[in-house]
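What follows is a pair of complexes built around chain A, which joins chain B in one and chain C in the other.
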Partner chain A sequence: MPPDFIAAWLNKNDIFTAMTIMEYWDGMVTTVQLVFLCLIIGLVFAVPLAIMRTVKNPFVSGPVWFYTYLFRGTPLLIQLYIIYYGVAQIPGIQETFWWEIFREPFYPALLAFTLNTCAYTTEIIRGAIISTPHGEIEAAKAYGMSWFLRMRRIVLPSAARRAVQAYSNEVIFMLHSSAIASVVTIVDLTGAARNIYSRFYAPFDAFIFVAFCYMALTFTMVFAFRKLENHLLRHQRPVGS
Partner chain B sequence: MKKLMIAASCALAFMAGSVQAQDTSIGSSDPRSLRIAFDVPYEPFEYKDENGELTGFEVELAEAMCDQMNATCKFVIQAWDGMIPGLLARKFDLIMSSMSITEERAKRVLFSEPYYITPGGWFGPEDFNTDVTDMDAMNGKTVGVQRGTTMDTFVTEKMGNVVSIKRYTTADDMVLDLEGQRLDVVFVDYPVGEQTVLSKDGFKEVGESVKLGEGVGVAMRKRDADIAREVNSALRTLKEDGTYDTIMQKYFAYDVKI
Partner chain C sequence: MFDLKGYGPELLSGAVVTIELAFLSLALALALGLIGAAAKLSNSRVAVGIATTYTTLIRGVPDLVMMLLFYYGGQVGVNMISDYIWETYEVDFFFQFNPFISGVITIGLIFGAYMTETFRGAFLAVETGQIEAARAYGFSNWHTFRRVMVPQMLRHALPGIGNNWQVLLKTTALVSIIGLTDMVRVAEEAAKQSACRSIFSFRWRLCISPLRQARSFS
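After this line comes the complex of A and B, so read on.
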């Protein structure tokens, strides 16, 4: 398609003006912020939780099991509703400093997303930890490594390699799940699309464009994860490839 | 009003257009005998009372209009989806069922002058004392609207730079956030606000209601221009001689006249 054709098309359509493109852009920024923050925080908490989950003592592993069971067993939308609307119903919350945080929809959504992704990530990492070959652990013990050193030098690095593929799926799912942030008035990508749809009564144009935006984000992440996998799993590649 | 059904009825109307094209040989309907369609229940505009009698604001207005026109009127119940197709297929002659005048519909049917409009109302907590028309006072306030409504367009255009606007899909979600103090004030279709916000303790109307949009009109077939003329003059008389106000006060605590 020649560029002047595109320019002509852009000029004659009502929907994709500079203003609506900016709305989509702002929405994209919000989506990326929300997803990036919740993934980072979720991952930071998931590693110790996953280790706790593998401990034999039921008083340590039990609460973590209950947490992951709870948050993997209920829909994210319900969790978001409970945190967003539920918190506002607590008597007197409006007078405390918590309200500064929970008044805006961003933080309740971030909390819900973080708790959700952290639960899934915990289980992914736990699976990778318990599938550590016994031989590796025995070898570490034979070297006289303490539990902590063994975890740091042997178990976690090899668990990270096994977890990265499953985790890349979780990241993509989280990006797609973030679309529900728009139900609590956050203007993310989907929120922008809904606003534009209702303004022009053009569902097809509004949503197809946003679908492409999500696809672009997804493929960027898939690409980044492929690079990471190549880096982490390069010892598994056949010699000379 | 009934916005979500616009698309469906337009599509159906388009299909029914071909039906209409075939029976153009039949002359215009007799203005002395009219069939008027309502979609019930839509309180307080048209609904059945305990005795099963059709009543409501639009029904009474239709009765008064028929008297004014010296016409014998028959009331027909028609589901909303088949409204415009039914009109074009000559199952009835007039629609008086809260059909908002829109460009899309005006391509299929002939609208009378508008005969009512529900205003947008400002609702907030008891202690809200800001003048909603004072842009300096409203600076930094959070306003809730229903996405895509005329109220949304109004606030976005008039106050978009001053207030922060939160858009909701349903009125219920919006009222929850008003109760939770996430919103300072909401701007909604008055009857909706009356049912949802004012029914709760601690909330009141906080500003002058504003009439938005083109209002609701009687819909007729495009070629029934004679009937449209009579309908318009009858409605005008009713509005002027006080009959309209009497009926309106029976059903509404606020002004819907246009």
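After this line comes the complex of A and C, so read on.
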């Protein structure tokens, strides 16, 4: 039996009904989908880009540098506007099948988020790659490993361990930035909160509730990454702990 | 491409709004960061608790949600307070909450939390010998803080402040969502008026690069 004041509050409350809770739930599903997809795609592209960024030849590393500079130097909101409003302006796109995809706001947002997170992840992985101890690479060379084998067996695994901490920050930043998807009419968590705010004119209920939803997501991810870090960096723990 | 369809002056005034917003919220963030770091390193449990709650809350919630909460909720909250003041003290008091103020408060609060962490790390990097020497000279707590800790801490904090400044500048783009006519807003309206959307957005990029360079002077 719940205490009386909770029952009284639930009786009078018009805002947190099953309908609005479902709206929040749908919003949360959209947010998680968007963030998860853009992080996965961004990570897949970031690894080869980061390797290209470490190559000495400026014709290989230059374009990647330019890409990361551009996408890390401008607000994500602007990138989203350019892709969402700009793609429709490409002459002739409305006749091709791409229009079917880019007409929805979800895919332009996904593209913008992916490009953005890929740029940051590239720099994170690059930082981890160039801080590989020289001795490890020399030892791999002494064993006669080819460049590819060296990358796969020595450099990337140890770089992944060093990158995971910075990458967890990037994941949380991406979760927070995904709130701006609501600007291009996607009903994610923030979009649901804005809809409910405008229906009931109840800013505190709508936005504070959604803030707690985001906090729950954030701290779940922080917890998961801490577990992962503990697992990956087990060899660095002091003996006996 | 670069005639801006006659929107040049408006973009310029939008840029001025963006810069004003950025500097005001930077000032607020630096002040909050200094207070927060001092609170986190103090011996008082209450102060540590408040500062930790503050930084945890801010890092768990997206900046856009905070901004919408302050913009839509700010006026409601201020009205509730002024109603209460009117009923209890019969003092008439009115305060208009506009997008600029809510933008400054939100961005200041958010980056205050990041600055707290930056300053905390920097304070910890100051050698304890320095503090002991100040004690030996008979400096009071406040004097030690102002004359010894802060000047040395700032050297360690500068790179972090530079990073935060860059992120802050990019976050100011969000105030266009709550209706402040900053550079992004003008660019968006210009883009809706004229047919070529991407040009105006690219202008913003050109404008932002010199501001980013400010980092190298810090």
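What we mean here is this: the second predicted complex is superposed on the first by the 233 of 241 C-alpha atoms of A that agree within 3 Å, B and C clash if a C-alpha of one lies under 4 Å from a C-alpha of the other, contacts with A are read in each partner's own complex, and residues count from 1 in each chain.
One rule holds in what follows: a contact is a pair of C-beta atoms (placed from the backbone, for glycine too) under 8 Å apart; a residue touches a chain by one contact, two chains touch by 3 or more.
Small disclaimer: the values here were computed from a predicted structure and weren't measured.
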| item | value |
| --- | --- |
| Fit or clash - chain C, chain B, common chain A | fit |
| When both partners are placed on the shared chain, which of chain B and chain C touches more of chain A | C |
| Chain B versus chain C as contact partner of A:97, first or second or both or neither | neither |
| First (chain B), second (chain C), both or neither touched by A:73 | second |
| Contacts of A:185 with chain B and chain C, given as first, second, both or neither | first |
| Partner chain in contact with A:148 - chain B first, chain C second, else both or neither | neither |
| Touching partner for A:207 - first (chain B), second (chain C), both, neither | second |
| Inter-chain angle, chain B to chain C through the CA centre of chain A, in degrees rounded to a multiple of 10 | 60 |
| First (chain B), second (chain C), both or neither touched by A:89 | both |
| First, second, both or neither for A:199, with chain B first and chain C second | first |
| First (chain B), second (chain C), both or neither touched by A:59 | neither |
| Nearest-approach distance, in Å, of chain C Cα atoms to those of chain B in the combined model | 5 |
| Intersection of the chain A residues that touch chain B with those that touch chain C | 85, 89, 183, 194, 197 |
| Chain A residues within the chain B interface of the complex | 85, 88-89, 94, 99, 103, 105, 183, 185, 194-195, 197-199, 201 |
| For the chain A and chain C complex, residues of the former touching the latter | 70, 73-78, 81-82, 85-86, 89, 172, 175-180, 182-183, 190, 193-194, 197, 203-204, 207-208, 210-211, 214-215, 218-219 |
| Partner chain A, residues of chain B touching it in the complex | 6-7, 147-148, 152-153, 166-169, 173, 176-177, 179-182 |
| Chain A contact footprint on chain C (complex, rising order) | 57, 59-66, 68-69, 72-73, 76-77, 170-174, 176-177, 184, 188, 191, 195-198, 201-202, 204-205, 208-209, 212 |
